[in-house]
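You will see subunit A twice below: alongside subunit B first, and alongside subunit C after that.
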Partner chain A sequence: MGSLLNYVIRRALFAIPVFLAVSILTFLITNAAGDPVNIVRLGIRSITAAQLEQLRLFFHTNEPVYIRYFYWLSDFLRGNLGQSLYTGSVASRIIPWIGTTLELQIPALLLALGIGIPIGVYSAKHQYSKGDYTITTAAIFGISMPTFWIGIMLIIVFSYYLPWLPAYGAYSAYPPYWWGSPFLDAIAHLILPLSVLTLVSVATITRLTRVNMLEVLRQDYILAGRASGLSEWKVTYKHALKNAITPVLTIVGLSFGTLLAGAPALETTFSWPGLGFAFVRAASTLDLPTVQAIIMIITLMVLAANILTDLAYAFLDPRVRIT
Partner chain B sequence: MSDANSAAKPKQKQRGASQAAVAWRRFRRNKSALAGAVIVGFFIFISIYGIFFAPYPSRSYYCLTNGCANLPPFVNWAHPLGTEYSGIDVFSEILHGALGDLYVGVVATAISVAVGLVIGAFAGYRSGAVSAMLLGITQIFFTLPVLVIILLFARIAQILVAQGLGLTLIVVILGIFGWPTIAFVTRGEILRIKELEFVQAARSLGASNSRILFRHILLNVMSPIIVLASLLVAGNILTEVVISFLGFGSPNTSTWGLLLQEGFLYVRTSWWVSLFPGIAVVVAVLGFNLLGDGLSDALNPRIRE
Partner chain C sequence: MGELLRVENLRTYFFTEAGVVKAVDDVSFVVNEGEPLGLVGESGSGKTVTVLSAMGIVTKPGRIVSGKIFFRGQELDHASENEMRKIRGKKIGYVSQDPNSSLDPLYTIGNQLQEVIRTHFEVSKDEGWDRGIKLLKLVGIPEAETRMKSFPHELSGGMRQRVAIARALAGEPELLVADEPTTNLDVTIQAQVLELLKTLEKDLQMSLILITHDMGLIAEMTDRVVVLYAGKVAEEASTHELFQTPRHPYSAALLNSVPRLDRKAALVPIGGGIPNLITPPNGCRFHPRCAFTKQVCMDQIPPLEDIGGRRAVSCHRWKEIELRRNV
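So, the complex of A and B:
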């Protein structure tokens, strides 16, 4: 157990340089012109003197760049995310965004695992069959489509052509509610973006599962299992899948960042009030304090997902625990 | 060295087909890989010669003043895929956009491959503090939420750098952030290959470090890199589409993402401006993905029959 703890601590320590790298990169980009105030003034014509003054204070623009960075970092670490250029404190606004994004991402991830793994196993078990060809073809289409574009297509069909589902937002702010009640209303809003996200993740997970299962199914111990009279079901799901699934879960966990990163375009398509949509709006309007805070929060979420993945990995793969 | 080469050649002929010939045979038999190659070929052809088929110039608002704005598709054959509210012809614009997307996809990938190969080769071939540091940097880059950083980069660059640069900015940004996978795989392959007998043979014959690295090792590393590069082109095209769709791209250069952005403004009434460029993106990306998958099957000796 001590070695497991050791392993997790070692992996968690890796989070520190990643966090610092993101903070430095983000800071450098926003300070690329020497002064973030210049960027805002160039980009947004209608900015007021009061807003610029507020920005100067936030970035401590009277100090040299490297001092400014430490001011900003220590502010962030103490939970002071600064004031948005337009709408009050960033910290109070960012928490609902995190919730709305997770409300979309976590069900999509679980659904995709639940659907993608069995399909991948089936495909690997029946390699080169018609079903396998259909599945691999569908999956490669799935990873070749821009996520947000599938969203637009679904909106055109299920929201405009057939007025069955809402096209934007996470809920209706006032009645009439979709399907009668506020709860069902939220479900109705969730269906389209959730389907898109699930669809795309299912494609990735199916491909990963298939490849890993194919590799495992070729190994000797599977043959030994069959020879000793185990049922095909038991060989597939108890012995093969158990080993094939570890790399799948690892990659999925580590690519949580990619999933989150896909959020800006998808959330914008559905006007889904999460981190991604907020990021796009803030970047378009050059609301730099908000942009920086969102990037740092997304980084923290990705790092948390990575550490959870490492834990799961240590749990699933006993070799990690021993060494 | 030349003696050894001429001695080795007849021997190779006796052994039959070369590595490349075997790979080519496997590739030819793989239908989806061939389909990928055909699509990629078509995409490249359209990118280069599409401008000669396009009835209207790039970003031309011809229809705005000629009474054919917001036409649905398949109605007026002068505008087979319809027109936008702003008067832009969708068919022409898709043809013009191909070049932009191919440019972003291929050149950004080339930058990533160049950087990734150098860093990966160094980290794999040498050992010590520098290579450990390179490995660490690679792993940090892996974990970064790359897309949001790229988006912020693109947005700030939009303001600070002259618009005339157009897509080149996006190319450079994508190139800078795309190399870690290449570096990681290169390093792994080099760690594996440098212990193999033929490398030791070359070393005992007195070959220099750079000769071993470039003539013997890198050539063997190339096959997984070619596969990755093909998939990376697909990924870069998708990222470019996202950047332009969100309005952080170049507003004066035709790309499919820009067309999708304009289409989304009027999606309620003019579905065709969203549908057709999207199909173009899917086909192009699918081509590179199929090609990558097929190459991976053809070049991977472990699953050779």
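So, the complex of A and C:
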């Protein structure tokens, strides 16, 4: 396993330039977006010259931008994600945001895999049947409909006309709780956004699985498996699916990093207090330290997900060697 | 010399969007014990589809439209998956064309052999593994115990073809179908694989169907030949007679396109290509490429005529024309 550790270290070293490039871009763009001193100043009725000078010292705006970048980067690397312009430490708030996003994204991903893969297999096994046409058409619908549109439609139907489910938020801040208890209340809040997210991911995973299955089912080893008397079930699930699933899992793995970013449009539609919603709010209120911190956290997650995906690939496919 | 496999009036069509492809159209032949049979023809002549039909593994959009399949005189219901599965691997083993893709890349050799063994015999995993080792030894793979743990990509093409043969033998079939077993191998490896097939045939008293377009292989490996052209049987004869006196112009043309060392003769390629099987030519399917075409060939489909001495030919003019191997 020495080579494995070696590999991870090497990949991590490759990730460093990417991380630095993203950090430079992020810092420059957010700085171009506005001067934090001026933004904070708007909230103070009257400000003395001395107070203004203090703010400048705090945000280092009296120094050139590349010096400020190094202050910011060294803070970030030591775990200090900065101060929000409005609500204090970013680090203490970003963890709950990530948690809330994952509460939505992980069940959606698991459901999408559990539903999308069997549907994709069915579709490939019955290529050009009515079922296959129905599935592929529905998948195109699921992929092309914007999540916020589906979300709004579901809210209109299931929260407005039929008052069955809550329209926004991840939980009720005050009683009465939906369905009687705080736990069931959280579940009730989860259902609509989870459905939208699952629908979209199912569409993607179904299509990917179908295409890969069709490709694999044409392979000689499938024919040879059938010819040697294996049951259709074994041919399909033990041989074809395992071969077809590797690329699907790769794409899922690569998207896992962006998945942590949450779905800004969807979280905003449902006022879901996750990272995506937080990002949209921070950007629209020019809360620059929060925007910077969120982008950098997402960057780290994406880089980590890439490395993990490569490892998973090597684990699934013996032809891929880690050296 | 008993009859092993009999295929009668088999028709396998592929129902594609462009139209119905008549890949196998009224093909009959018999495989006898101890009489290796060659199925020969160009790519697209229906050799592989014929055999896959006999094993009941034609995939969509292909379907057996009509025809009967007998194994040891017993008719098989080719529509019944259960019945056909008893044949596959157990009665008829199949070695597919390309050793590079005929083994699942994600499982070890051992796992794949064990799986087939345990499909056909109720044995424990350990017993299945041990039998796998024996099979590898049978097909001449050195260090069989270690090889069981190898993945296909860790083996050479020749070794993989040996493993594919071992898997085809795992159910101890009475008939082995080798579908272009040497096409994708180096020449030196080809000879080894052929040698292996011959040895197995003798030692296991197993019959062989060899699918190929290589007349050299036919001469070396088979006793009888069925020449297929565009999904139909052009000629059936003993290998010896076919090489001596081909009766169908297509058989003669195939023979004349093979280089020979004993005589200096120009190679004569067969002009044109396999016809479109959605709308095959009227009459004899070979007439657009045949040097002896007359009006009757364009109008009427020639029947497969029994010409005595276990020979059959499907040509209107076989009596009139004189086919000769170019000298």
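By our rule, the second predicted complex is superposed on the first by the 278 of 323 C-alpha atoms of A that agree within 3 Å, B and C clash if a C-alpha of one lies under 4 Å from a C-alpha of the other, contacts with A are read in each partner's own complex, and residues count from 1 in each chain.
Simple rule for what comes next: a residue touches a chain if its C-beta (ideal position, glycine included) is under 8 Å from a C-beta of that chain, and two chains touch if they have at least 3 such contacts.
Since this is a predicted model, take the numbers as computed values, not measurements.
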Partner chain(s) touched by A:127 [first = subunit B, second = subunit C, both, neither]: second
A:43 touches, of subunit B and subunit C: first, second, both or neither? first
Contacts of A:30 with subunit B and subunit C, given as first, second, both or neither: first
Touching partner for A:283 - first (subunit B), second (subunit C), both, neither: first
Contacts of A:264 with subunit B and subunit C, given as first, second, both or neither: first
Partner chain in contact with A:169 - subunit B first, subunit C second, else both or neither: neither
Which partner, subunit B or subunit C, touches more subunit A residues: B
Touching partner for A:118 - first (subunit B), second (subunit C), both, neither: neither
Touching partner for A:239 - first (subunit B), second (subunit C), both, neither: second
Interface residues, subunit C side, partner subunit A - complex: 52, 55, 57, 59-61, 81, 85, 88-90, 92-98, 101-107, 115-116, 119-120, 151, 153, 164, 167-168, 170-171
List of subunit B residues in touch with subunit A within their complex: 32, 136, 139-140, 142-149, 151-153, 155-156, 159-160, 234, 238, 241-242, 245-248, 260, 263-264, 267-268, 271, 274-275, 278, 281-282, 285-286, 289-290, 293
Of all residues in subunit A, those that touch subunit B in their complex: 14, 17-18, 21-22, 25-26, 29-30, 32-33, 39, 42-43, 137, 140-141, 143-146, 148-149, 152-153, 155-156, 160, 254, 257-258, 260-262, 264-265, 268-269, 279-280, 283-284, 286, 291, 294-295, 298-299, 302-303, 306
Residues of subunit A defined as touching subunit C within the complex: 127-128, 217, 219-221, 223-232, 234, 238-239, 242-243, 246, 316-319
